[in-house]
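My questions all concern the structure below.
For reference, chains read A, B, C and D in written order, and residue numbers begin at 1 within each chain.
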Amino acid sequence: MQVSIACTDHNLKRGNGDHSKQSATSPNVVNQARAKFRTVAIIARSFGSFTPRHISLKESTGKHTGMKYRNLGKSGLRVSCLGLEQLMTIAYDSGVNLFDTAEVYAGGRWVIHRPVFLCNGLQMSGLAVTKVAETERGLSRKHIIEGLKGSLQRMQLEYVDVVFANRPDSNTPMEEIVRAMTYVINQGMAMYWGTSRWTAMEIMEAYSVARQFNLIPPVCEQAEYHLFQREKVEVQLPELYHKIGVGAMTWSPLACGIITGKYENGIPESSRASMKSYQWLKEKIISEDGRKQQAKLKELNHIAEKLGCTLPQLAVAWCLRNEGVSSVLLGTSNPEQLTENLGAIQVLPKMTSHVVSEIDHILGNRPYSKKDYRS
Amino acid sequence: MQVSIACTDHNLKRGNGDHSKQSATSPNVVNQARAKFRTVAIIARSFGSFTPRHISLKESTGKHTGMKYRNLGKSGLRVSCLGLEQLMTIAYDSGVNLFDTAEVYAGGRWVIHRPVFLCNGLQMSGLAVTKVAETERGLSRKHIIEGLKGSLQRMQLEYVDVVFANRPDSNTPMEEIVRAMTYVINQGMAMYWGTSRWTAMEIMEAYSVARQFNLIPPVCEQAEYHLFQREKVEVQLPELYHKIGVGAMTWSPLACGIITGKYENGIPESSRASMKSYQWLKEKIISEDGRKQQAKLKELNHIAEKLGCTLPQLAVAWCLRNEGVSSVLLGTSNPEQLTENLGAIQVLPKMTSHVVSEIDHILGNRPYSKKDYRS
Amino acid sequence: MQVSIACTDHNLKRGNGDHSKQSATSPNVVNQARAKFRTVAIIARSFGSFTPRHISLKESTGKHTGMKYRNLGKSGLRVSCLGLEQLMTIAYDSGVNLFDTAEVYAGGRWVIHRPVFLCNGLQMSGLAVTKVAETERGLSRKHIIEGLKGSLQRMQLEYVDVVFANRPDSNTPMEEIVRAMTYVINQGMAMYWGTSRWTAMEIMEAYSVARQFNLIPPVCEQAEYHLFQREKVEVQLPELYHKIGVGAMTWSPLACGIITGKYENGIPESSRASMKSYQWLKEKIISEDGRKQQAKLKELNHIAEKLGCTLPQLAVAWCLRNEGVSSVLLGTSNPEQLTENLGAIQVLPKMTSHVVSEIDHILGNRPYSKKDYRS
Amino acid sequence: MQVSIACTDHNLKRGNGDHSKQSATSPNVVNQARAKFRTVAIIARSFGSFTPRHISLKESTGKHTGMKYRNLGKSGLRVSCLGLEQLMTIAYDSGVNLFDTAEVYAGGRWVIHRPVFLCNGLQMSGLAVTKVAETERGLSRKHIIEGLKGSLQRMQLEYVDVVFANRPDSNTPMEEIVRAMTYVINQGMAMYWGTSRWTAMEIMEAYSVARQFNLIPPVCEQAEYHLFQREKVEVQLPELYHKIGVGAMTWSPLACGIITGKYENGIPESSRASMKSYQWLKEKIISEDGRKQQAKLKELNHIAEKLGCTLPQLAVAWCLRNEGVSSVLLGTSNPEQLTENLGAIQVLPKMTSHVVSEIDHILGNRPYSKKDYRS
């Protein structure tokens, strides 16, 4: 298994060796960075001879790797169908150790190129995206611009490929948000912009404001999508895609760990749900709905066993089967789990319409107007 | 009492140590700066447990400080409800001494971070705003751009948060003004622009020119507002706010010192009104209208005593009670007076509709179509 | 008599000491510059107690100098009513000597600040304007941008106040010209743009293209204007001014030297008209029309004598009496003649409607729909 | 014969001596550059006393060289009627040797100024154009911007005169392409943009998207044009030119070498068609159509002999006779062949309507609605 990263090294900020060295070694910067922002880097991985039965016009396959690329919405940007959420966080967390780990893995299994650690002589390769306004500060022009500038400086990048506006901000007029996003794109700080956790109506408003003032519309929405949360990605976003070209990048394919099956017999001590700040997750799991979900996961586990894969791999492959999804972001910060998750790509060819129907039957939550892009 | 300053240090111009050192130590630069421009820095201050009865959708409270923030007009920019006019002037006036003073105060009471004095190792934090065209030179493209560039250089800032166009300029077409303001924003020299001492009609013209040519409209008008001057802020600006989102930042809450009560028994020798260049103020005070005002101030002083505050604190709190006002700029250059004025925030919760009515009755100048945002 | 220069030193390019030193001392650069471009710097001069009977709304008087400023068209840019054409050429021609000369004059009479010679410690003060496409190369986007960049580099300026498009170029679409002019303004290379030797119809086309594509329209036309050439400036440009705000800056007030009276008795040996490249001028002078002009100049000389001034001073004052003219550019490169020409400002108050009528009678060329801005 | 290059040296990136030195001497960079991009530099050549019978309004002749310039489409950019494709490739291939060769030729015949080799003290002179998206990567905003930045860096240029979008990309919305092209022009990375191998319909779409969003439309299409391929350049592009001002720059005047006559007796061993990657060319040549073409070339050779020139010179002159063609790009990388091809300019005056008709008769492929710009 080989991880290939698709993009060029043009993002790389030149001549900042000293500064980047400092970033890499200063634990304060690392912690600060971890706390304040999350970053997503899209990675790509070669996989066998899989050819989808219904080839989308927008889909292409890399010559040498057989890698499958999808357009990000109707933009011209091609992204690999599997991405890695929080790569920067991982990088910052692990410090120089990750690099070593990565090197070890490179020998046997996989490599993650880290855009940040220039001091190690590694060059950025891969799409870089970031979010602004993760905090309470909202989406004012000031915060969008300062937030992105801050991210670029911390990551030592000249620009990101996509900047996401995190959560809508009802206190800021949409015109101000779209003007600020257009500004950062025109200043060369970003190539595209997207939204995260916005409603379809809010995205439509951003689009029409962009049209009204000849500004640049968003290309993508980041939305939660997994076996137990389907409505937005399967019903609302396809409509947006067809009308205004906004695509879907999805996160939380394992529902914050619920789909790993580790909560089958209650809350283990070292799990996320046992942590104080994840009290809500714990409550969700031990609720009646939560117990029903665990029952369904047991049934799904049987399907996974039949297909010769793990439950998480099935869950990720199930997300990937939706061709309206440009990229599924993997949230794990654990190299072993990441490797396991990436194995979902081998499961994808096995997601026949029969298997998908079987899963729908178990879940019982197929949205009414669902359009299945593969059947 | 703690003064917290809300904003980031991104405004800070990098790598200009030498230059800034020179600015800080050169008395010529200081005097020149004082003479040529005024600068306003918004400060914020934590205050107790005040919660307004009618929470505006646009209002939020800082998590740790309990600080109250209002949006600047309908823009996404949050400003603290109390600001400090002429901070830069104070800084320039006081030179290194202010810094020491501020440090002393920091121990007991409050700190003002000064954006300019980089040589002391202090970093900019706080909104920075500036005005262009304070002088006779008007609002031509040339003067707006050169004026702002000059301010940024003197203040050693990369950009200001809001640039204000001071006084309308009938000799320059509105299109030229709005194009120049849009230019400085698109060049990254400012985040927003506003007006100062413009009529509602002039602001409407700027707005419609911005709409006509797809330029950036202003977000805010700086207007005089105090117990004896209410019409513009209470009648005209609310209409502008609802129609085009332009907010109000007010100045002169103490009417050039008249409301301090120090002119109760004539013009004291060391007061502003005794200065030659303030002859107009003296005449105003000793006029019949002026004497009537002094009589009203005596009555208002009784209310202040009942509420356990000083007359200036009552006057500032009275301005703050108007939630259509984004920020009240305090004009004092005297640390003791500033501290006293800031105390108005504790008085604000006592500004009940009963007290406000009582004040209206004394003043007898409540505008006809007044909308009280709190009752 | 004191020459004051109105503007700021913001145009000054910083940190190019070495380069500018080279420019100042290299004769090649000087000659090259002289050959390739002409530059105009607006100068201003204090003059006595003159107050025009019909004060234009657009006209203002400097506080300390009594200097009269007019808006450049309907733009907000104020220019002095007398300008100096080819100042840069003079500077380049004279090299370091001009500086000395200027200093000598500063003691007694006048100073010309030279924007270029930074090595002498002098800072730019005065409006800087330049022309592009003086040569055959036309007004393509490439040539406008490269031409202006070249001028800025040679003059060591960060930007000019006005860039003029010299002669229309029928081979380049108007959209391309206006887009390029808007580009250089938006890049900060110029504050405004104007035209030179364009017809009223061509200027109208530029204006309507600017309106169609939301680009920046021109503010000014440079046109020939003197006693024997009146139609364009007195009939066509006023209409443009009232319709689209384009103002007039005029050149050749002495008609290439014809109005100096030196050709009264034929072509003197050292005169311009005796030079080979001015053959056309010689032919014009010795033509029948030319001889009629000389006769009229004799009559005008009598008026000059009555007013106690020279014929050139009368001719310049006659141009200045037209308040539709923002600035009259003086073309002389001779310090003595320049001083004489500047004396026209003292003659201006004597240009009563009676005197103007008398001149009209002698000339016999008052255009039909002429609007006299002063009567 | 003298080769003159028309343009200024403003494109030249300043202060990159070290970097350029490295580029010039590193064989890796050279090979990489050769493999990844092709660059076209327009050259010009003086030719005798030729005066076209029907002078186009858009055509002009250089004062000193007698050189003939045509506007690139309806843009203001003047290009010489003969250009050189792949000049950069030649430069990279030949390394320092080309320079020496060029110098030798300069003595006797011609010089090619190479924009890249700054280490030799030569300055860029000539139009620089480049293509983006030569590879499979498409025309996303990301790839256009990164591709052009990469080219500029490799060529050590501040900007190119024209950037061409190579092949249409159905996976990228036209709005994104035109926005990205407008972005690179507004950033100063290019003066104009054009298309390459686009259909008339695709160019029309780009134009109308530019009009819809007030973006910058393309000025030129690069199209294949030779004796056996006429339809697009002679029928479709003239219509585009008249409607939207898009001009034609043509390539492959010798049909990949077919028109050299070297395939008259089959495929020679060292020829391009004998190479594995040119299998398609070989098949084309030995097909029935290919054999018919060879027969026609024999007849055309007789005409060439009558005119006293070679077959390739006739073919190039035949392209040049079409005044709707702004520039014919010569693709040869061989100095001897280049010299021969350039000789076509002397043949051009002999392309009378009689000769042209004779050629049409032999070819039998004159398009129905063909407009001959010279007859």
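Note that a contact is a pair of C-beta atoms (placed from the backbone, for glycine too) under 8 Å apart; a residue touches a chain by one contact, two chains touch by 3 or more.
For clarity, every value in this text was computed on a predicted model and none was experimentally measured.
Student: What rotation angle superposes the Cα atoms of subunit A onto subunit D, in degrees to the nearest 5?
Tutor: Rounded to 5 degrees, the superposing rotation is 90 degrees.
Student: Tell me whether subunit B and subunit C, two copies of the same sequence, contact each other through the same residue numbers or different ones, using over half shared as the line for same.
Tutor: different
Student: Going by C-alpha centroids, which chain is farthest from subunit B? Tell me that one.
Tutor: D
Student: Report, in whole Å, the distance between the mean C-alpha point of subunit C and the mean C-alpha point of subunit D.
Tutor: 44
Student: What positions in subunit B touch 2 or more of the other chains?
Tutor: Answer for subunit B, listing residues that touch two or more other chains: 186, 214.
Student: Going by the contact rule set out above, which residues of subunit A touch subunit D in the complex?
Tutor: 7-8, 10, 57-58, 60, 63, 71, 74-78, 161, 186, 188, 191-192, 214, 216, 245
Student: Mind listing the subunit C positions that touch subunit D in their complex?
Tutor: 136, 138-143, 145-146, 149-150, 169-173, 176-177, 179, 183, 186-187, 213-214
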